[in-house]
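What follows is a group of structures, each given as C-alpha cells.
Look at the two complexes coming up: chain A is in both, with chain B in one and chain C in the other.
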Partner chain A sequence: MDLELFLMQLFSGLALGAILVMVALGLTIIFGMLGIVNFAHGALFMVGAYAGLWVASLTGSFWWALLIAPIAVGAFGMLVERVLIRPLYKRTPDDPLLLTFGLGYVLVEAVRITFGTDGIPFSAPESLQGVVDLGIGYFPLYRLFVLGVVAVILVLLWVALEKTRFGLVVRAGARDPLIMRVLGVDVSRLWLLVFGLGVGLTALGGVLAAPMRNVSPEMGTLVLAEAFVVTVIGGMGSLLGAVVAGLLVGVAVSMTALFAPEMATIVMFGLMALILLVRPQGLFGRPGVGA
Partner chain B sequence: MSSTSHAAPAALRPPQAVGEAGFLSRWRVPLSIAVLCVLPWVLPSQALAVNVLIYGLFAVGYNLLFGYTGLLSFGHAAFFGGGAYITGMAIAHFGLGWFPAMLVGVAGSSVLAAVIGALSIRTRGIYFCMVTLALSQLVYYTALQASNWTGGENGLRGFTVAKADVLGFTVNLLDPMQKYYFLMVFAALALWFVSRVLNSPFGAAIEAVRENETRARACGYDVERTKLLSFILSGALCGVAGTMSAIHLSIVPLDALHYHTSSIVVMMTMLGGAGSFFGPFVGALVFLLIEDVASLWTSHWQLIVGVVFILFVLFLPKGIWGTLIAWRNRP
Partner chain C sequence: MAMLEISGLNAWYGASHILHGVHFEVEAGEIVALVGRNGAGKTSTLRSVMGLMPRATGNVRFDGQEILSKGSHERFRMGLGYVPEERRIVPSLTVRENLQLGLVAAGRTDERAAIDEIAESFPRLKERLNQQGTTMSGGEQQMLAIARAMISKPKMILLDEPSEGIMPVLVEEMGVLFRRLRDQGTTLLLVEQNVEWALKLASRAIIIDQGEIVHESSAAALLADKDIQDRYCAV
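This part shows the complex of A and B:
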C-alpha cells in the first residue's frame, strides 16, 4: 500500500467529512433548539450551491459568493421559519417535518425551472487551484481551504455558543423554552435566529462543496441522507457528535473508495446500521433522546 | 366490527388520524371494490386508472404504518421497489411463472421490511424518519451497484408477462382493460386483508401504540413487537403494489427505489388523509390527477404538487377524505 496515496485519500475524506459536518451541524442546531427535523436541509444545501454560483457569476468573485450566499439563504430560512413553520409549533412534531419535506420538493423544482435540470460545473478560484506540498505529499489546495474554513466556523460557533450571552440563552432555550419565556426572553426571536443559523451553515456547506461536486438540483437528496446518517451516528442533538461523526463518515467513505470503490456509497449506511444495533442513541447521544 | 378499530375516544386521537365510522366502515371493502370497478370508465385514461390502483394500494400499505401505527417512514420505496425488483428478477433470471414470482416478490419485500423494521424501530419519533430514509437509500445504492442482477441505472428489463392463466381462463395482459381487472383482483384481496387486520385485536393494538405508547406498554402490549409486525405487514402490502407495478410496466425503473418514490407515498397519504381506510386511495387519485392534468401544460408539475402539499400541511392536515370524515363524524 502506497502511504502517500493512503494519506491523500484520508485527507480528501476529511474534506468530504468537513462539508458533512456543516450540514449535520445545521440540522442538529435546529433540532436541538426547535425540536424539529428540517427535511428541506438537503434542498437548502443545494440552493446554497446555486446561490453561490449565481453570486459568483454576478460579481465574478468566489469570495463574495462564499460570504453572501450563506447569509442570503440563511435569511430565506428565517422567512420560512416565520411564515411557514411558526404556525405548526403547537401541532405534533410530524407536521413541521412534513412541511419542510414539501418545501424541499418545491425548492428542487424551483431551481430546475430557474437554472435548468442539467448539472453545472463550478470551479474553484485560480488562487485555490493546484496542489500544495505538506512534506508528506502533495494535497489539493482547495480541500485544504475547505478544512480551514470549516475549522474557523467551528471555533466561531463554539465561542458563540459557549462564551457569549447569546449562546447562554440558546443553550438554556434548548433545555427549557417555557422557563425562558417566564424569565422574559423572547424565545420566538431566538428560534428565528437559530433556524437562520442552521440554514446558513448548510448553505455554506453547499457553496464549499460546489467546486468539489457537480452542482445539480438533485445534489441535496444524497446530502440529506448523509446528514441523517451523521446525525444518527453522532447522536441526535449533540454538536460534538455531529463533528466527530461527520469526519468519521467522510473518511470511511473515501477509504472504502480506495479499497472497494463499489462499496463507497453503501458503507456509511452499514456504519449507521451497526451503530443502531450497538448504541442506538449514537456515539455522543444521551439515552432517551430519540432512542 | 367498527367497535375494535374505533374504540378510542375522539379526544385522544391526534388531529390527523380520523377513521371512518358506521356505514362507511362496515361496508368499506365492498365499497372500495365497487369504486375500483368503475374507475377505468370514469377517469380520463386507463393508464391513469392502473396507476391509481397501484399507488393507491402502495399508499394503503404505507398508511397502515403511518396512519394507524403513527410511525412516519420515509423509506417505503425500498418495499415497493424491492417487491417489483424481486418479482422481475424471479421471472427474468429464474424463469418463474407470474404467480410464483409475485409470491416471491411479496415474501422478499416482507423480509426486507423485517430487517429494516427491526433496525429502525430501535429509534423513536423524528429519529425513525431519518433511519428509514437512510436505510432505503442503502437499498437504492445496492440495486444501483448490483447491475448484473438489477440492470443498474437502466432498470430491470426482459420479463414481459403477456398472458396469465387463471383457473382455466387466459387473461391477455396486453389488453389494458383485462390487465386492469386482473391487477384489481390483487388490490381487492389486499384491501380485504387490511380491513381484517384493522378489525382484529392487533388493529386495536397498533392504534393504541399510536395514541399512547406508554399506556399501551402499561396495558401489557409488547410495543416493539406490535410496531415490528405492523412494519412488516405494511412492507408486504407495499411489496404487493410493487409486484403489480412490475407486471404492469414489464420493466422496473431504478426510480422505483428512489427517495422520490418514498416521498410520493407520504404525500398521497397526507393529501387523502392518514389513518382512514379510503384516504390513501383518495390521495393517490388526487395526486395522480394533478400530475395528469398539470403535466399537459408544464413539465414542472412537481412544483404544483409540492405547493398543494404545503398548503395541506398548513391548513388541512387531516387531508381531503379525513376532513370529510371528521365533518361527518362531528358530534
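This part shows the complex of A and C:
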C-alpha cells in the first residue's frame, strides 16, 4: 500500500467530512434546541450553493459569495422559522417535520424554475486553485482551504457557545427552556436566532462544497441523508458528535473508495447500523434524547 | 398596596379544569402561605401566575399591572421570581453558571459582584461555585434555585414547596433567609406541605381545596385551629 496515496485519501476524506460537519451541525443544533427535525436542511444547503453562485456572478468575487450567501440564507431561515414553523410549536412534532419536508421540495422546484435543471459549474477563485506540497504529496489547495474555514467556524462556534453569555443561555435553553422563560429569557427569540444559525451553517457548507462538485438543484438530497447519518452516529443534539462523526464519515467514505469503490456509498449506513446496535444514543448522545 | 391580586382565576390542563375562580391578594412585603392537600391546585396557581399553564383565564395583577396576557419572561422582567418545585438546576452547568442565568435578563455587567453578594447569603454555595449544580445534594440544589431566583432582586418570589425533602437544618436556614428577604421588602408567596413551618413564617394563610380558595386567615389563627388544618391540609 502506497502511504502517500493513503494520506492523500485521508485528507480528501477530511475535506469531504468538513462539509458534512457544517450541514450536520446545523441539523443537530436545530434539533437539540427546537426539537425540530429539519427536512429542508439539504435543500437549504443547495440554496446556499446557488446563493453563492448568484452573489459571485453579481460581484465577481468568491469571497463576497462566501460571506454574503450564508448570512442571506440564514436570514431566510429566520423568516421561515417565524412565519411557517412558529405556529406549529404547540402542535405535534410531526407538523414541523412535514412542513420542512414540503419546504424542501418547494425550494428545489423554485431553484429549478429560476436557474434551470442543469448543473452549473462553480469554480474556486484562482488564488485557491492548484495544489500545495504537504511534504507527503501534492494536495488540492481548495480542499485545504475548506478544512481551514471549517476549523475557524468551529473555533468561533465553540467560543460563542462556551465563553459568552449568549452561549450560556443557548446551552441552558437547550437543556431546559422552561427555566429560561421564568428567568426572563424570551425563548422564542432565542429559537429564531438558533434556527437562523443552523440554516446559515448548512448554507456555508453549500457555498464551500460548490467548487468541489457540480451545483445542481438535487445536490442537497444526498447531503441531507449523509447529515442524518452523521447526527445519528454522533448523537442527536450533540455538537461534538456532529464534528467527530462528520469527519469520521468523510474519511470512511473516502477510504472505502480507495479499497472497495463499489462499497463507498453504503459504508456510512453500515457505520450507522453498527452504532445503532452498540450505542443507540450515538457516540456523544445522551440516552433518551431524540428517541 | 397589593403586590399580587388574583380574581376569578380559572386554569386548565387540556380538558381538565384545575382552578375554579381562585381569588386572593398578597400585600407588598408580606409572606403568605398557600396550603392545601396534594392536588388541591397550589402548584397550578403558581404556574398560572407565572404564565406556565396551557390555558388560564381571569384577572391576575402584579404590581398594579394585568399580567395574564404577558409571557413568562415578561413577568420575570417585571420583578416576579419563581422557584419551581422541581428546582430545575440546569444539568452540565456549574453553580456559578446557574447563578449567571438569573442575571441574564437584567443584563447586569457587574455579574461577578452580584454573584459574590449572593454567595454571602448562601455559604454552602460559595464553596461550590465551580461544581456542577446537579451534583449537589437536594437541599443545596434548592438553595441554588432560590439564589438564582433572587439574584436579580425581584419584588416578589413564588416558592413551590421549598422545604420538600430537605434536611431540617437547611429548612431552618431557609426560614431565616425568607424572614431576611421579607425584612428587605421582598414579597413571598409560599406553597408548602410543611404547614406548621410555613405558618410560623407567614403572616397570612390561604387554603386551597379542589381548585377553590376555602379559607383565609392570619397564619397564627390557622396554626391554632387544628380542625381546619385537619380538614384541608391533612396529607
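Operating definition for what follows: the second predicted complex is superposed on the first by the 290 of 291 C-alpha atoms of A that agree within 3 Å, B and C clash if a C-alpha of one lies under 4 Å from a C-alpha of the other, contacts with A are read in each partner's own complex, and residues count from 1 in each chain.
By definition in this document, a residue touches a chain if its C-beta (ideal position, glycine included) is under 8 Å from a C-beta of that chain, and two chains touch if they have at least 3 such contacts.
None of these values were measured; they are calculated from a predicted model.
Chemist: May I ask you to decide whether A:V278 touches chain B, chain C, both, or neither, giving the answer as first, second, both or neither?
Modeler: In the superposition, A:V278 contacts neither chain B nor chain C.
Chemist: According to the stated criteria, A:L97 is in contact with first (chain B), second (chain C), both, or neither; which is it?
Modeler: first
Chemist: Could you let me know whether more residues of chain A are touched by chain B or by chain C?
Modeler: Looking at chain A, the partner in contact with more of its residues is B.
Chemist: Look at A:I179 in the shared chain and tell me whether it touches chain B only, chain C only, both, or neither; answer first, second, both or neither.
Modeler: It touches chain C, and chain B stays clear.
Chemist: Using the touch definition from the top, say if A:L3 reaches chain B (first), chain C (second), both or neither.
Modeler: Once the two structures are laid over each other on A, A:L3 reaches no partner at all.
Chemist: Taking the superposition on A as described, I'd like to know which of chain B and chain C A:L168 touches: first, second, both or neither.
Modeler: second
Chemist: Within the complex, which stretch of chain C touches chain A?
Modeler: Interface residues on the chain C side: 50-52, 71-73, 76-77, 81-82, 84, 88, 90-93, 97, 100-102, 104-106, 148-149, 152.
Chemist: Show which residues of chain A lie in contact with chain B when the two form their complex.
Modeler: 31, 36-37, 39, 84, 87-88, 91-95, 97-99, 101-103, 105-106, 108-110, 112-113, 221-222, 224-225, 228-229, 231-232, 236, 262-263, 265-266, 269-270, 272-273, 276-277, 280, 290-291
Chemist: Spell out the residues on chain A that touch chain C in their complex, using ranges where they run on.
Modeler: Answer in residue numbers: 165, 168-169, 171-172, 175-176, 178-187.
Chemist: Please name which positions on chain B make contact with chain A in the complex.
Modeler: So the residues of chain B in touch with chain A come to 14-16, 72, 74, 119-120, 122-127, 129-131, 133-135, 137-138, 141-142, 144-145, 259, 263, 266-267, 270, 300, 302-303, 305-307, 309-310, 313-314, 317.
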